[in-house]
Amino acid sequence: MKLAVFLSDWRRTEDTLERMKADKMGVILVGNGVYHAVLKEGGKDSPVLSKAGTTFYALSDDLETRGITTANINPKVKAVSYGDIVDLIMNDYEKTAWL
Amino acid sequence: MGAVKLLFVVQRPPYKNENPRLALTHAIASQTAEIYMDEGDSVVPTVVFVGDGVLNVIKGQQAMKLYGVTSTESHIKNSLLIDMPIWVCKEDMTRLGLKEDQMITDAEELGAELKTKFVSFADIQKEMDSVKHLLFF
Amino acid sequence: MAELTIGVFSSLVGSMSLDFSFKLADAAIAKGHKVNMWLSGNAVMMAKKGQKAFKDYSHNEKKMKELIGKGMEITVCEACAEARGYHKEDTPEGMKRASMDWYLAKTVKTDRLLHIGGE
Amino acid sequence: MAELTIGVFSSLVGSMSLDFSFKLADAAIAKGHKVNMWLSGNAVMMAKKGQKAFKDYSHNEKKMKELIGKGMEITVCEACAEARGYHKEDTPEGMKRASMDWYLAKTVKTDRLLHIGGE
Amino acid sequence: MKLAVFLSDWRRTEDTLERMKADKMGVILVGNGVYHAVLKEGGKDSPVLSKAGTTFYALSDDLETRGITTANINPKVKAVSYGDIVDLIMNDYEKTAWL
Amino acid sequence: MGAVKLLFVVQRPPYKNENPRLALTHAIASQTAEIYMDEGDSVVPTVVFVGDGVLNVIKGQQAMKLYGVTSTESHIKNSLLIDMPIWVCKEDMTRLGLKEDQMITDAEELGAELKTKFVSFADIQKEMDSVKHLLFF
């Protein structure tokens, strides 16, 4: 399957993402999930970004709401708009999972 | 469209949030959804408990006696009664130290024939692949 | 174009998942898609009209009406609303009330489902 | 006896922290203590009368009225209520509405404060 | 200070408890916090119970609501009623902290 | 009773939940609480950000522009303006890789004299010991 996963929390209370597999997987960071795109807790990238074979996106509105400029995010992550997320859902992926 | 498969995935414990319970009530609503659908269409739900969600399936819940609220156990048993598949992830039970005899395995007292199915995450992954939509709670 | 159904279960104030849903719906409609929205759990807090638009609080009533005007179908879970004391006469104009089977039925024909089942 | 003030910020349905607060207040009153309760954030969902007592949902209106009858003071955050569309006429009998300074003032004389500032 | 700490979550998103000190500390497990009194994730007691110099309580109503009989809880934890919690707050401790 | 000290402790990030913001608005309300109190009584609040709560203090928040909601930054600055102490735990900033120049350090543009205080957890512990009541968010 082609799966778009939404993460909206910084402290996650599930480990579903780590276990799920997809032929094509995108992780879209929204809400407090965007902190995964920028914080380096203990000097390290968020473990979320180590999910292999995955493309990462972060909603720029939610980054900027929290005082994070898109220029400062991890190079693994692409800043996207609401319109971009619509295209990802409708064109690039078939199913969604808001964890 | 014919029969459309849906997978309801409960990842979090009961009672702290209403949503695990709403997973069950929404899945049960598939029984009456035909009034809104075209002839021949239907939805076929499966409810699976993974991660800390397996805590929803511990038996002997006294929510009605103590708080006057229907227990999640009672919703699970009603689901079995209408033949809705209830799956529980075995690896997560093991991790949390839960054994099958602590869990809701059936609803025989209600006359349900279907039993809870204890499955591996690999089985759940296969189901995720095969359904049309995923609904995580 | 295609059809997107969004199910939301998060509360009105605080989590901002409702704000997210309305902004996403807006963007989808702007691209020519049809959008359906289902509100259940604490998200039925949208089903009470007359919410004051303080700047300290999320306020989505205006945006919602705009989207209904653009053809978005929005339905709230009737039992969830009644349990919170929201009755038929409290419902904002253009919003429908139904039982959960409305949402289940929508999943059959919709091209995509975004189910926000957490806060 | 002594005075206990409970501040609650959790939503009506789901978290059960409101159910906890009312049961704790009940137990404290039974032991002869004076209890004050402050509802803010999503806990102002108690400030809408006419909630249907479904068995699937927490329902605290009856218990609340009983405790008010036993002398519990209960006040909800007025702005939090208005932002959610709950007006003066929606307020259950015996419940007061005030701004946050009511709660702050209670902390001065109360012997104990239990502040439930999460879900 | 004499501090009664309330924990109502199983997956905690704060680490305040680990860092706080009190001359006398009690941890009262309520809501989903009661799982700390019984679950042995990976075969081990919950790390919450390793807080030194602390007395642990769990609300029996909340244990039983979740299908846990008070007889089965960790011997480190004492099952208490709502009335007991009132006495703990009013008599045994001076301040409370709901984390 | 005289002056009663209160400590508001924010442990969680902004915007996912209303409560961190309510910590600030409640603390600010101490200014007007006198109408409910006896002559000579007052409440003296301090707001401290610990753990992931320090994320509330990142500067440049665009919540009003993007979502039409007052930013937590704006509430923090209003607090400084009325001389309400705002403390931020240094160890947690270090752990999350945040430097002082990324944080709200003052509200000079509003004319506030008070500045944010970056403190160690040991200082916060001392304050916890000395106040009458603790309010965690």
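So that you can tell them apart, the chains are marked A, B, C, D, E and F in the order they are listed, and the count of residues begins at 1 in each.
Basically, contacts are C-beta pairs under 8 Å (C-beta built on N, C-alpha and C of every residue); 3 or more make two chains touch, one makes a residue touch a chain.
Model, not experiment: these values are computed from the prediction.
J.: Which neighbours does chain E have in common with chain F?
T.: Chains touching both chain E and chain F: A, D.
J.: Taking each chain's centre as the mean of its CA atoms, which one is most distant from chain A?
T.: D
J.: When the contacting C-beta pairs are counted for B-C and for C-F, which pair yields the higher total?
T.: The greater number of contacts lies at B-C.
J.: From the C-alpha centres, identify the chain that is farthest from chain F.
T.: Centroid comparison gives B as the farthest chain from chain F.
J.: Centroid from C-alpha atoms only, then distance chain B to chain F, rounded to Å. What do you get?
T.: 42
J.: List the centre-to-centre spacing of chain B and chain E in whole Å, with centres computed as mean CA coordinates.
T.: 29
J.: Just the number, please: Cα centre separation of chain C and chain E in whole Å.
T.: Measuring from centre to centre gives 38 Å for this pair.
J.: With chain centres taken as the means of their Cα atoms, state the distance from chain A to chain C in Å.
T.: 23
J.: Give the residues of chain C touching no fewer than two other chains, as numbers and ranges.
T.: 13-16, 41-42, 56-57, 59, 113, 115, 117-119 - these are the residues of chain C that touch more than one other chain.
J.: Hey, what residues on chain E touch two or more of the other chains?
T.: If we look for residues of chain E contacting two or more partner chains, we find 8, 11, 13, 31, 61, 95-96, 98-99.
J.: Can you tell me which residues of chain B touch two or more of the remaining chains?
T.: 12, 15-19, 25, 52, 67, 132-134, 136
J.: Between which chains is there touch?
T.: Pairs satisfying the touch definition: A-B, A-C, A-E, A-F, B-C, B-D, B-E, C-D, C-F, D-E, D-F, E-F.
J.: Can you check the complex and tell me which residues of chain B touch chain D?
T.: For this pair, the touching residues of chain B are 15-19, 21, 25, 64, 67-70.
J.: Name, in rising order, each residue of chain C that touches chain B in their complex.
T.: 7, 9, 40-42, 99-109, 113, 115, 117-119
J.: With touch defined as at the start, can you tell me which chain B residues reach chain C in the complex?
T.: Against chain C, the touching part of chain B is residues 1, 4, 6, 12, 17-19, 22-23, 25-26, 29-37, 41-43, 45, 132-137.
J.: Okay, in this complex, where on chain B does chain E touch?
T.: Touching chain E: residues 13-16, 52, 55, 58-63, 65-67, 71, 73, 95-97, 102 of chain B.
J.: Under the touch definition given earlier, write down the residues of chain C that touch chain F in their complex.
T.: Going by the criterion above, the answer is residues 13-16, 19, 55-59, 119.
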